[in-house]
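Listed after this line are the structures, all set down as structure tokens.
Heads up, the next two complexes both have subunit A, just with different partners, subunit B and then subunit C.
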Partner chain A sequence: MKRKWIIPLVIFIFIYITSFLLDRNMIEINLQIKNQAPSLLHLFGTDWLGRDMLIRTLKGLQLSITIGILTAMLSTFLGLLLSLVSSVNKTLDKIVTSFIDLFLSLPHLVTLILITFVLGGGLKGVVIGLMLTHWPAITRVLRAEILQLKEMPYVQLSKQLGKPLWWRARHHLFPHLAPQLLVGFILIFPHAILHEAAITFLGFGLSAEEPAIGIILSESMQYLSAGMWWLAFFPGLSLLMMIIIFQRFANTLKDYFGRDRSYEQQVND
Partner chain B sequence: MRFYVILFSLMLLVFGCSNKEIPEETKQLNNEKTLTLAIGGEPDNGFDPTTGWGRYGSALFQSTLLAYNKDLEITYDLATDYHVSEDGRSWTVALREDATFSDGESVTADDVIFTFETAQQAQSIVDVANIAKIEKVNDFELIFHLSEPQSTFVHTLQTLGIVPEHAYDSGYSQNPIGSGPYQLVEWRKGEQLMVESNPHYYGKEPEFKQLTFLFVGEDQALAAAKAGQVDVLSVPITMSNQEIEGMNRLSLQSVDNRGVMLPFPPASTNEEGEQIGNDITSDLAIRRALNYAVDRQAIVDGVLDGEGTVAYSSVDQLPWQNPEVIIEDGDPNKAEQILLEAGWQRGPDDVFEKDGKKASLTLYYPTDDQMRQSLSLVFADMATEFGIEVKTKGASWNEIEKQMHEHPVMMGWGSHNPLELYSLYHSDIRGMAYYNANYYQNEKVDHYLEQALAASSEEDAYKYWKLAQWDGETGMSVLGDAPWVWLVNLNHIYFINEQVEIGEQKVQPHGHGWPITDFITDWQLID
Partner chain C sequence: MLKIEGVSYTLPDDVPLFQNFSMTVNNGEILGLSGKSGIGKTTLAKIIAGYLRADHGQINVQQMKGKSHSVQLIWQHPEQAVNPKWRIDKTLEEAGVPDQSIIKKLNILPEWLYRYPKQLSGGELQRVCIARCLLAQPEFIIADEITTMLDPISQAEIFKILTEHVQQNKIGLVIISHDTVLLDNLCHKVIDFK
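Let's turn to the complex of A and B:
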């Protein structure tokens, strides 16, 4: 059982660490070797300025993963915070649920474009945009969990004994929420990466200097009709592979925990 | 499953959008006297010359008083003669008497006066602000009185198409009538423009009776050309290495230049509270060293695939360029010497330093322009390798407008009007929109530019335009104050049907597409 999720995780972490070892200066311009098709020397080929596409792709993956982890953590945290807020009283609960409904009723990408555009794009815009669009699903799950836990006799007892909300949250709720949080985080992660790439591709996201996958893909669009297929094919495939590897890990890990399956439905929608 | 359904419908949507149907009638090509052109550049504001139509290439529907020939010499079109008074303020123009609009009415001095007055009221990009009064002598002769002498007024006479007073109303731009070689058949916005030859045209009757201009995306135009549906196609340099059966590739030299604008004064704040100037680029040694350190030919070969020429000024190959301003570049030793003499020393990381300041710059470029991005990256690479650290930053034009007074920017110019030199380098124009955005100022250059503008003959004007660039002591070229690092002129690439002969073209201006239509009436069919 354990092997099943360890292997994808190891591959994933290996690629991530390798990309860290590559210095950004290795993406150097070399006009002598521009526009080369994939070869043994340049596995992913080179672009119109002679930059090695393998290194660009790896750096792009690193950036994507970093943003993915950051935004997944932020959204999970936001979800936790809002679900706790909703547990305080009826009014707050109403406010939070209507926010959830509001955000779930709009397509992710549209909200994301709006928020990122208003914030002026860039790393800050993308991270905040992704954070503000990926919290509703996990908030809903956590809120339901908390509602159930709140009625448990031992929690009620704590309340009667005058323990404050924060104490109850820390000692009674968190231990139960921890696995939910972990699984939620892992399921948000690939979403966040794909959305980051999508929004960057559309030109609302990261700025053009960043070696992001979305940038690589949108730049390569201009060269596709000139026959340079490798510019888009390998970076796109690599991103897809990373997501699949991670998804495998996430699914097996979720089974491993054997918790609430209703999750999958909500987060995947 | 649902995921795949969504994915599939998305794909349908995407391909559905991009595959705009090429209209049926254009499929019957090469039936001798028709041409289909895919050269982009649909005018947003329609075909009204008084608001800017016809600045580049042929105005199609209208004709102008004067014209340029292939060597940028002045020739006559509607006018039969013109002369300028001694003080340069009065321009007398005589019109030909046989010219008529496409509705049969003849072109008179009243129409010309009406055109210029309308352009003045429209306050558009057409340069007519300097006209004080237009005097009608008789039906076929008139005098323009200028408030200031302006030798470049001849350029306005060459580009402003004459509109008919009797048929001009608010809908004119959609339904133009003029004295040009063609008349409008149909304009479907965002799709195509169809024109046919004007039977009333006074000039040589064009060989191609019907023209269709397709307004489609670059990829789609290329695909249509490969399918044999297009006779004239413009492509960006990134697509220049194509082979299209039945079409010849044509690479035209241009003054469509790209260069790095360097802020001229030291960092400070102007009256409007904007940050202007830059403490590094305000040093002449830095500006000159950059000019000598870059290898322009390597950029042309590497970035442009050889489809361009090296640029040393904003007016390369034009009659008013001073030939002395061409330097031997790609010479890091010379650049280093310039910096050492000015007191710069190499710091620990090989980057030059002086008085604790590091020679480090941020170069801005517009994100949506891949050519400028590539040029910026390569320029930064060369400069950093030499010892002047240049970082690049892509930004929207809005953002660049805020930064361009204090940071270097990758800009592009290139006009057939020498007035551009005045706009780029005269201190009165400092900070006006994109003109002289680096706040360049040199009294002597100002003086030469004013003299050039005030000159009463072309030769005189050219002499002063050249002196402003370099007079042996100072100037705005690399030899003098070097406020720019001009890098390259981009060639304009076209694919033309083998059976069409378009003759020799003039050096192309900024803007790729319409300029090819310049001599469209001379285009011929060959076997």
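Let's turn to the complex of A and C:
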């Protein structure tokens, strides 16, 4: 059972760490080997400046994954925070729900472009923009869960036993919210990466010298018609593979946490 | 002494459920409360135990901040009154330090403590809920239809333990039930709730 989620995790971390070990200076311009198709020497081929596409892809993946994990964590946290705020009283609940409706009624990409543009683009702009556009779905789920839990006799009873609010949130609410948080994180992660690539592709995101997958894809557009398919194919495929590996890991981890522990001997939770 | 004076409760759709209800429970007294379905017995129990707020009227026992309420309610459905994600020992510890004598008195076996609520039967779970209630050291207990889903033998067993404990520790007990025969057997006084 444990092996099932360990294997994709190891592959994922291995690729991520390898890209850290690669030096940025390895992406050097060498015009003598420009526009080469994939070969044993350059597995992913080279671009119009003779840069090795494998190294650029790995560096790009590193940046994309960092952004994905960072924004997924921030959005999930923001969702948890707002759902707790909405559970305090009716007025706050109304404010939070109208914000959810507002953000859900606009297409993600439009709000994202607006926020990133206002913040001046760059890594900071992209991360904040992604965080501020990906929280509504998870907040809605968590809010509904908390509303339901608050009506349960065992939660109301806890208050009558004199337990303070934070104790009830930690011991009664959190164990029920944790699976939702994990699912929310898993769902936001690929979404955030793809949106990051999309907004960079459109030119509002990261600056052109960053080795991000979105940049690589948008630059390759000009060369695709010249038949240099490898410029877009391999980076795109690698991004897809990484997301699939991550989802595989996260799904098995979710099953592992949600397993039936009733007949396990271990006593302390 | 638990004193309830002139309590009224109105439902959200402005229909009054009951008006101007008063009763008194002495320490060590066992009081029965009977009445038809849907006339607000459980709502009254929730008001006395502090779950709901009455529109009018006064109750002389209130919860102190950070302490458990001295009126504790035992719920009708034990499976809703325990957190399904907790093991039984944690459920008991929520009310206070588990007192072995109480646990033993209610025939709670040591191996149950490491189980989850769904691994116990309804009657076993209700005994756990009663134990939790007693561990909170209340001065008054409201038992709201606590044996409706049990067979007569378990019913008699549970009430025997509960009434003995209540008499020994001078706790006031209010038993809410449809079963007038049961109430006549157990209670010092029966109030017909109207």
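Before moving on, here are some points about what is shown:
Basically, the second predicted complex is superposed on the first by the 234 of 269 C-alpha atoms of A that agree within 3 Å, B and C clash if a C-alpha of one lies under 4 Å from a C-alpha of the other, contacts with A are read in each partner's own complex, and residues count from 1 in each chain.
Please note the rule applied: a contact is a pair of C-beta atoms (placed from the backbone, for glycine too) under 8 Å apart; a residue touches a chain by one contact, two chains touch by 3 or more.
Everything quoted here is computed from the prediction, not taken from an experiment.
In the overlay built on the shared chain, the residue A:Met241 is in contact with neither subunit B nor subunit C. In the overlay built on the shared chain, the residue A:Pro153 is in contact with subunit C alone; subunit B does not reach it. In the superposition on chain A, A:Glu219 makes contact with subunit B only, not with subunit C.
When the two structures are aligned on the shared chain, A:Ala208 is found in touch with subunit B, with no touch to subunit C. In the overlay built on the shared chain, the residue A:Ile29 is in contact with subunit B alone; subunit C does not reach it.
By the touch criterion stated above, subunit B contacts subunit A in their complex at residues 218-219, 222-223, 236, 238-239, 241-242, 298, 301-303, 367-368, 370, 373-374, 377-378, 381, 392-395.
Those residues of subunit A that touch subunit C in the shared complex are 152-158, 160-164, 171-172, 175-176, 261-262, 267, 269. Those residues of subunit A that touch subunit B in the shared complex are 28-29, 31-32, 34, 48-50, 203, 207-209, 219, 222-226.
Against subunit A, the residues of subunit C that register as touching in their complex are 49-51, 63-64, 66-69, 72-73, 75, 77, 80-83, 85-87, 90, 94-95, 114-116, 118-119, 136.
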